[in-house]
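These are the structures, in structure tokens.
Each of the next two complexes has chain A plus one other chain: chain B in the first, chain C in the second.
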Partner chain A sequence: MNAPMAPFAKPWVANPDGYRVPYEVFTDQAYYDQEQEHIFRDETWSFVGLDAELPNKGDFKSTAIGDTPVIVTRDQTGQLHVFKNLCMHRGALLVRESRGNVKSFDCVYHQWSFDLTGALRGVPMRRGVRGEGGMSPAFDMANFGLDALRVEVMNGLIFASFSKSVEPLADYLGEGIVANIQRIFNRPIRIMGDYRQYIHGNWKLYAENTRDPYHGSLLHLFHSTFGLYRATQKGFTYMDPSNRHSLLKATASAAPTSASEDQEVYKNVRSYNTEFHLQDASVLAGRPEFEDRASLVINAIFPNLLIQQIANCLAVRQSVTHAPNAFEIVWTLFGYADDDEEMQMIRMKQSNLVGPAGLISMEDGEAIEIVQDAVIRDGKKTSVLAMGGVHAGSVDHMITEGPIIGFWENYARYLKLGDELKK
Partner chain B sequence: MSSSSLLSSQSAISHKDKVAALAPDNFTWHGYSALETQWRVERLLSRYVACIDDDALEHWPEFFVAEGCRYEIITRENVERGMPLALVFCNSQGMLVDRIVSLREANIYPQRWYRHIVSNVLIQAVAEDHLEVHSHYVVLQTRRNGQTSIFSAGKYKDRIVFQNGELKFAEKRVVGDTHSIDTLLVSPI
Partner chain C sequence: MSQTITAAHSAAIDSLHVAYLAALDKGDMVAWAATFSLAPEASYFCISTENDRRGLPLALMYDDCRGRIDDRVSFVTKVWVGTYQPYRTRHFIQRLSCEAAGNNRYRVTSGFTIMMSAEGGTTAVLTSGEYRDLIEIQGDHAVFCERRAVYDADVLPRYIVFPF
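Take a look at the complex of A and B:
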């Protein structure tokens, strides 16, 4: 089991009227640099891909943890590895393609060659040419293997860590999050493809957004415009014991609410009406496929992953950071290998709901950018998180900002901000 | 032009799609000469992009056949991996209408203007009931700060039919080289 987490001072004091986060965390390069070292390259597990993306020996993909480029590959014995995408000679990108299949990784610069386990196997002209030149006699190829990360695979999700001391993945996630991974990744998947969404904003605004059940029915108006969504539907908010991860879950088949109750809830909402209806409602048609009949599961995993089940629309979303004001969401949508043709079509149609062009998700890109644009010179001003009682933790409803507070408490702990502020 | 190439035997990638067959220089299609067909196809494409750029989106679904149309925006990345996932996937005119109602009434997105440039319009194949037409597109996007950037570049792969005296899209597949979407995609391409 993992050691209990060290106690830490809460840097952004939770007053009774709200938890406050200074906006400089979204704009300041110093925070960004600290995050790379103390979150992405330290005691966390980052998602890097699905093993179904690399079915064959020699398959690789390139991706990034934070903004550090990494290679994910399957070696000749079937073992998965994650390396820094960095030639040990002079620092060139070893892999320049996003995907492929190779027998070895050969740097184009001086053709140093590494096998799929990361060992250096070839250095051209190592012994010189006609007795001239060559590497120093002290040079030992065994010392120049690729920088390897720790790797754990859970139900086909590949996680990697730069840390030698981070707790095992299952402990890092906690039982409730592991249970959701087992629930969704319960049998072989079939990958449908990727979306990539480049957002001119800070990655943590998306971490907030995906831990924020409050905004769901207010920002995203597709359902309410077409008279489909009900904020009164039953749901709950689960957080793991460390409050790093969260799971927002809503059930469609809960006790039906009355139209008058919905009208009461939505009376100040700009677009709840029954004037519009879908001409082709097949975009929402689906099949129940989980025993709990959940219609919505948004599972945020610290620091860079979101696992999504919206009806039959299944996806993982990986955040890749570029700068304080830029990050990318890589969406990978999937079904199951045993889906029949009708089910494949159901998932294709429901994919209209999500992604950069998603009828119910596109607004998140805009919501992030309007915060980023507004706070640029107000770094010392703070947001206020007060919905649901100014504390992290599991609750049996979804009208809360608790998961966002849990994110920031952990963020502060990783960046050791409490120590800073005590001075 | 031949679809075979000196390189094709050495390449891992099939060149079959890379140098697609072209329609012959001379054909007639629903009484139109090859030249007139080309002109009508280009006019359809020009009217189609003008409809989007002039924000007349309520008329956009009318460019498609009423029954059994298909419209997709998919990335070249997914196509080359043999994967079906599309950014937008509609297989009925009703779904096209719903996209526009959602854009007008529900979706929240930045103020921006699109400008489509279409070129290299090639009729690839001529059949009794349809044409297969490929063309290149670029979409320029001007955002509220007044700056213009390339939002998407790619290829239209269209199946065009002749219906009640007019050319309509039975299928329009937008294959984007641009696979990283800048913030979000709300308007059709």
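Take a look at the complex of A and C:
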């Protein structure tokens, strides 16, 4: 393992010809360990689930923040809690199921029992057996409650933080991102289900991918072939004041102003075929449901969440890290509790667009893996981020890599990567 | 296994299973689609055990009509060309149950295993699972009216191009 961070002064400078990121950030365990400590377990809010996943008292789910296992639960008063999934006795995973409903969390190892607020309620043989053994008189059960995280719920999205000092969630997100959450989570949702996909690449390659509006019409040929999103489409790229989060929004119809413009933009694009027709076009037949008529909204929230609206296909995507070269995407698709049958069917058909086999998302998995495979021994080489000017910030178009630069500037700030980065 | 199935029907069902896995193991999407009924309501669903057990409808692939089955052929053979790493599969199945459903139709379940070999890579288990089928005998051969592939993996080991 290299000495953490020392090598990286120069490549991180934003040169006029591009912002450069050394590939070792995707491969080196030292960076990965620093991220766990300074991003996932420090002053950030991580998404852990939707309150609609836990409708009843006693419901729980297990998930992870970065690679730290956590439990999300609703107690007997209806309050949501997030705990480390770690028994306070000898460190065993307290919960091994993905989901369930319980009255208490009982460790299988020595049966320490915690209530749904995290308080330790039972320690078998605490007073010994037939007068022998037992816990030390100094042992006080009140001191061994589960490690609780801070929790905030915004319009049904559950966020948690290990930090006691991180700003409140609304401030962390900023007004523009809060507005998008309020826009999409405007009424009770109905969960359609989850996809889970293991990707053999670094989680930050997905953070880049989801902050990169201009790959959409090039990598995802379904988009451009069927007019769901084209580079000629009007849109904007919004970033919150801290540049941690981004909102990519296509606002108008995907139709080009003329066929010749379309041919010009896509003249160098492989196998792009405007003549191709679907046998069953109902996959694309949506119903406008937002006042702004946006057809595509990709909202990346630092560090582990993406909220999407692609036509009527609504989803949250949570990144769970496993190693420098492995992470998992958990997609939860949803509609609204008051969707009529036709709308439910529209969402089911459009669910084909996303997920591990999604018509416009399958290729993201491949794009990440081919970067990871290629850079393995070229950690000192750098990528170049130059599209749209070499700066983060909001712009009224989508042909930009600005949101990716915003991600890396914040990454460097969280990891305290040296003064030369702050220039 | 139901008493009412004839040897000829049983053989037709076995042949259909073989045609299906042979098509996918060759990467022949047209032959895959040909194992389904031409009726407009023919359907193919690929869904996780997790969603299935939770009673949630979300499917990895949701082809609820014949047109979409044909479109999936085009997605793989035309739209996605060049965007995914080529991989080969070997499907193994075993029939678990077969119940007559009337009108020359049968409800059939089978266990499956899919081995995957990515180009330049080793062979690994992609997933296992259960096919839940509604199969119709048409003359001397059988077709899928509905195939529901319920896969076991909670987390898929990679992105997916071909149906299960």
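Details
Methods note: the second predicted complex is superposed on the first by the 396 of 423 C-alpha atoms of A that agree within 3 Å, B and C clash if a C-alpha of one lies under 4 Å from a C-alpha of the other, contacts with A are read in each partner's own complex, and residues count from 1 in each chain.
In this section, a contact is a pair of C-beta atoms (placed from the backbone, for glycine too) under 8 Å apart; a residue touches a chain by one contact, two chains touch by 3 or more.
The structure presented is a predicted model; accordingly, all values stated were derived computationally and were not measured.
Superposition note: with chain A as the common reference, chain B and chain C are in steric clash. After overlaying the two complexes on the shared chain, residue contacts for A:Ala170 are found with neither chain B nor chain C. Once the two complexes are laid over each other on the shared chain, residue contacts for A:Thr225 go to chain B and to chain C alike.
Of the two partner chains placed around the shared chain by superposition, neither chain B nor chain C is touched by A:Ala148. Once the two complexes are overlaid on the shared chain, A:Glu328 sits against chain B and chain C alike. In the superposition on chain A, contact of A:Gln279 is made with both chain B and chain C. Look at A:Glu363: by the touch rule set out above, it reaches both chain B and chain C. Across the two superposed structures, the residue set of chain A contacted by chain B and also by chain C is 98-99, 191-200, 219, 221-222, 225, 271, 276, 278-280, 282-283, 328, 333, 348-349, 351-352, 355-357, 359, 362-363, 365-366, 369. Of all residues in chain B, only 73-75, 77-78, 81, 83-95, 97-99, 101-102, 105-110, 179-186 touch chain A in the complex they form. Of all the residues in chain A, the ones that touch chain B in their complex are 98-99, 191-200, 219, 221-222, 224-226, 271, 276, 278-280, 282-283, 328, 333, 344, 348-349, 351-352, 355-357, 359, 362-363, 365-367, 369.
Listing the residues of chain A that touch chain C in their complex gives 98-99, 191-200, 219, 221-222, 225, 270-271, 273, 276, 278-280, 282-283, 328, 333, 348-349, 351-352, 355-357, 359, 362-366, 369-370.
The touching residues of chain C, when paired with chain A in their complex, are 46, 48, 50-51, 54, 56-68, 70-71, 74-75, 78-85, 154-161.
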